[in-house]
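Right after this note come the structures.
Two complexes are shown next, each including subunit A; its partner changes from subunit B in the first to subunit C in the second.
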Partner chain A sequence: MSTLRERSPVAYALAGPVTLWMAAALVAPTLFIVWVSLWTTRTFSTANPLGVVNYVRFFHRPAYVKVLADTVEQALLLMAITGLVGYGIAYFLAVKVERPGVRLALFLAFVIPFWTSALIRTIAWIPFLGVGGVINTALLALRVVDRPVEAFLFSRAGITLAQVSFYTLLAAGPVVYTLRNIPRSLREAAHCLKASPLRVFWRIVLPLTLPGIVIGQILVFLNVMADFATAQAIGGHKLAYLGNLVIMLYESGQLPFASVIAVLLMACMLAGVAVLLKVVDVRRLGAP
Partner chain B sequence: MTAAAHDLELRGVTKRFGSFVAVDDVSLVVEKGQFVCLLGPSGCGKTTTLRLIAGLEEADAGEIRIAGARVDDVPPWRRDIAMMFQDFALFPHMTVARQVGFGLEMLRQPREEIRRRVGEILDTFEIAGLGPRKPDTLSGGQKQRVALARALITRPRILLLDEPIGSLDFSLREAVMLELKDVQRRAGISFVWVTHDQNEAFSLGDRVVVMNHARIEQVGEPEEIFELPRTRFVAAFIQGHNVFDGTVERADATGVVVATSAGRFVVPLRDTPAPAPGAAASFSVRAELLDERPGPEHANRVLATCHAVEYLGSVRRWDLRLADGRSVKLERSGRTACRLAEGETVTLGWRIDDTVLHAPAEGVGGVGGHIGAPHVDQ
Partner chain C sequence: MIGWRTRQRVVKVALGALTLGFLAYQWMPILTMGLLSFTGPDGGTTFPMRGVSLHWYRELLRVQSVDDFKPPMARSLALALACSLTTAVFAVAAAQAMRARFRGSGAFFYLVLLGVMAPGLLVGFGIALITRVLGIPLAWYSTTFAVHLVWTLPFGFLTMLAVFNRFDRRLEEAGLTLGASRLTTFRRITLPLVLPGVIGSALFGFTLSFDEFARSFFSTGSEQTLPLVIYAQFDRQLQPTLYALGTLTTVVSLLAVGSAIALLRGSARRTLTTRP
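== the complex of A and B ==
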């Protein structure tokens, strides 16, 4: 508990520096992007009025709308997969592994790959998925296939596989935390009240870890929505999500249109977070 | 189930955690409707014993029977028991009504039946108004009642309680103790109550089981435990006893003479066989049976100097020092003529019959755990 009263001047003074920083580094650039998205010409001049023509243009191009739909769909797919896989890993780490040393070792094995840069992790998938890559070599050796499968690289399956490996940690981490916060006596009390392990899971463990699941889902959703590197490295130039579109347009100098897509991306993210926060009051996370 | 079956029976139950023996060869019988208290210091194995009965731990050896049937392979959710946890273990996401009905819901009772019985039991425990509330809005006493209602609603044969009033305010404990005893009497359910507090154990238990170092030291009615502590540990753990250690000097059919660094004392033999001369022996005498003006019947005597006087309300306690520096307690209750002042030296005496010889310490661990009692080394 804070010893500061909510409205004490000291509290405002302490919040001052970070407020200034957030305003300069986050709020101002965001407003700037919104402003640029409303330009009606490629460059800004006071003679040209602001307008929504760029937005109208976006929604009149089926190809762009499809990219938007693909991006949201990919995010939902990743949420589903990492949600299930992540919960399984979290449950194993937090509940099934009883020795603290073993738990720490497994947790580190899970986390340490994330100490390398995202770019390296992405590139590392290429020799894995490629035509002469690990998977294909193994499949050929096992005579499962007689020709290398090209669909692993430069495909949605490949991108999804790589993204699952990157983002499962984000889905699992908060669940590990909420699972560890459930006192063992709650599960034991439920057992003594005639609940079998499966029913203890559904009635006690799952509801109590819901905040962790939601936080994890928010993190996965935001990261997949903003992810352009994976699609670029593994998908080649065949596949694009909103993030790739922003880069493409920016590189070709179409700043207002790139801003439109950035704004739409942010809007999707805000909407997604708002929906997820409806599911559970995250402020209660960590409360006993 | 046969008519003669006990509600609960433990036979040679042993539980190890790695190389640590938490429960060592414990045997115990609980008759139908009996109130049994497991009493002992922390780490003595009493909670593990309770968890073994519940099925939350698996025994490494021995067997556990509930109503005559072996339950060693029966999981907790199929045993005819309920358990109350020290922290109450209320489900934070469920309303009081929902969690009180949880046990019945798990037994797949019809919804209407659950509603009716939850209403009934909430009325019984005078918490009818709490039904829609969540646990985090309840006081300690209310949580305790909810936990009890939740445990009893399935009408278990045995209720296991792990320090159930340990987390309550001191002022609440007395009332809650009486209420729980009353509940137990009316419901006819066997209670196995774990505590480290001798007052709880003595005022509640039909029988008290004193445990130390994973083993049972003594089982008996509260009076029996208090008046005839079987081992040195029991005498030292139960407050109000003076413990002496020494060596057997002579022994005959009726008693032994034990030499200690504070003098020689005559100790009667009860059902214990006479120890051989030269063997280590310990005995105890209750603090309220010491007499500061001994008469001819007080054959055991020792010279002591008054060190401090404690006034405890209905009881007054003197802390005296013997010639060898060890401390001895003298207690008087009510209005007493005893007026020993600090610094005063007196002869303390007590009857030979009030001296209790302890069973010799067995196996590893030996004597230990003395609390507030003199310990006279050789």
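== the complex of A and C ==
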């Protein structure tokens, strides 16, 4: 029993405005992009004849296809790095730290930057990466290099360094959750039955945390695919991902072509999520 | 062969080093920016610091005309406030509706969560296209507000679902059994008990909207919000004023999220102690 009867009409009245808002500000605009991408002339009008001419144009330009490949490659690279680092951190926080207070403090230090501005965090990386930046100063002082490395700012390496610091949390968070849900008795039982610690991890802990890993990987994949600000700020105008391409084409007034890029980006994101969900039934997450 | 105890300790130390190393890596740029924002008037955007001063903060307040950040700051604050209030109201409504398990609540759940999954830049892009066809002008208080709420609402919604999940239903039942109407029970029993969660949702909504950039990019008209103004600075020579601004906004976000977490934790502890 609660303050609302089961299937009460009031529930529809409460859910209605939210549904309408999501439909008008999220679903309709997204579907509209698909429609615009099929417009065959540059004039912005719903009277446009429909066709796939802009899609054909995209795939005939190797430079554009390369941007698509670069974007997917960057996402896969980030998934690999944040997956490994994130699992290690999650395992430490959820299993190895015994004092609840210490665990909470470390966990908060880990998640709080997520709630601050990503843009500001990107700016904060710039003094680190430049020729006179902190990393180069440190490398010079330690005599690892004898000349400043120019490759950090305006490069893939710099973008990757910054993105790892932004997105590792997304990979680790769901793993922390699944690790905390594994009953201690399960591991103890395996140890009693003389399984080696490595075997316990491999046969029990890892399979049980798989849903968390997959959700984390989905979050990292979606965020890196859609990230354009890091590339813009750290990569300068030398590097572009699909998001940057949408902006460039929008600013030059090629709206249907910009929509084609947007649709391809969304299609890649959906395909990636579909593949990842094949790995594991995420709906089982939360079940013991 | 080394004993299992030693091996476990080695794993613990290695993972602990990884975690602490990552935390340093994650916080170092933010703290460096904070430190460099206090550099002297001759200081630049990197080390070494030239003296310590509040020069760049004063500069922020002084600058007029094009680089004046105060109007965008006011817009961002107003927008974040509107988003936080709307998020709180909608999140409670949506979570209450979910508790009644209405027909289609499964689809409704995914519809709301779609707001987190959808790429922000493209949602804004879609809004810019559709409003162009419909002849609606872009503005921070209308179109930007619409797409920000799509982003902030799911977080409030999930927070409220979690709060209702550990909520002691017997207190509501007691109210209803004693003859209070459902509305009175909600107003006098349910709402006061979940209030910390509601305020938490509002604060999350505030900081998420205040810092949001990708969704604002295409959806905001000529009157820009703070993140857009900051972004426009990227193409110019960086100045420590940007660090001062970054430090200020980070402090605002940290205060909002810190209070939200404190509230939610405090209420969790109270709920646990009232249980037998």
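Methods note: the second predicted complex is superposed on the first by the 265 of 288 C-alpha atoms of A that agree within 3 Å, B and C clash if a C-alpha of one lies under 4 Å from a C-alpha of the other, contacts with A are read in each partner's own complex, and residues count from 1 in each chain.
Here is the rule we go by: contacts are C-beta pairs under 8 Å (C-beta built on N, C-alpha and C of every residue); 3 or more make two chains touch, one makes a residue touch a chain.
Given the structure is predicted, the values throughout are model-derived calculations rather than measurements.
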Contacts of A:208 with subunit B and subunit C, given as first, second, both or neither: first
Partner chain(s) touched by A:92 [first = subunit B, second = subunit C, both, neither]: second
Contacts of A:165 with subunit B and subunit C, given as first, second, both or neither: second
Contacts of A:199 with subunit B and subunit C, given as first, second, both or neither: first
Partner chain(s) touched by A:183 [first = subunit B, second = subunit C, both, neither]: first
Greater residue coverage of subunit A in the superposed arrangement, subunit B or subunit C: C
In the complex, subunit A residues that touch subunit B: 183, 185-186, 188-196, 199, 203-204, 207-208, 287-288
Touch list for subunit B against partner subunit A, complex: 54-56, 75-78, 81-83, 85, 87, 89, 91-93, 102-103, 106-107, 136, 150-151, 154, 160
Residues of subunit A that touch subunit C when the two form their complex: 1-8, 10-12, 14-15, 17-19, 21-30, 32-33, 36, 44, 46, 85, 88-89, 91-93, 96, 106, 108-110, 112-113, 115-121, 123-128, 130, 132-134, 137, 165, 168, 197, 222, 225-226, 228-229, 232-233, 243, 246-247, 250, 255, 258-259, 262, 265-266, 269, 273
Subunit A partner contacts - residues on subunit C that touch it in the complex: 4, 7-8, 11-12, 15-16, 18-19, 22-23, 25-30, 32-33, 36, 45-47, 90, 93-94, 96-103, 105, 108, 111-112, 114-115, 117-123, 125-130, 132-133, 146-147, 149-150, 153, 169, 172-173, 176, 182-183, 185-186, 190, 204, 207-208, 210-211, 213-214, 217-218, 227, 230-231, 234, 238, 242-243, 246, 249-250, 253-254, 256-258, 261
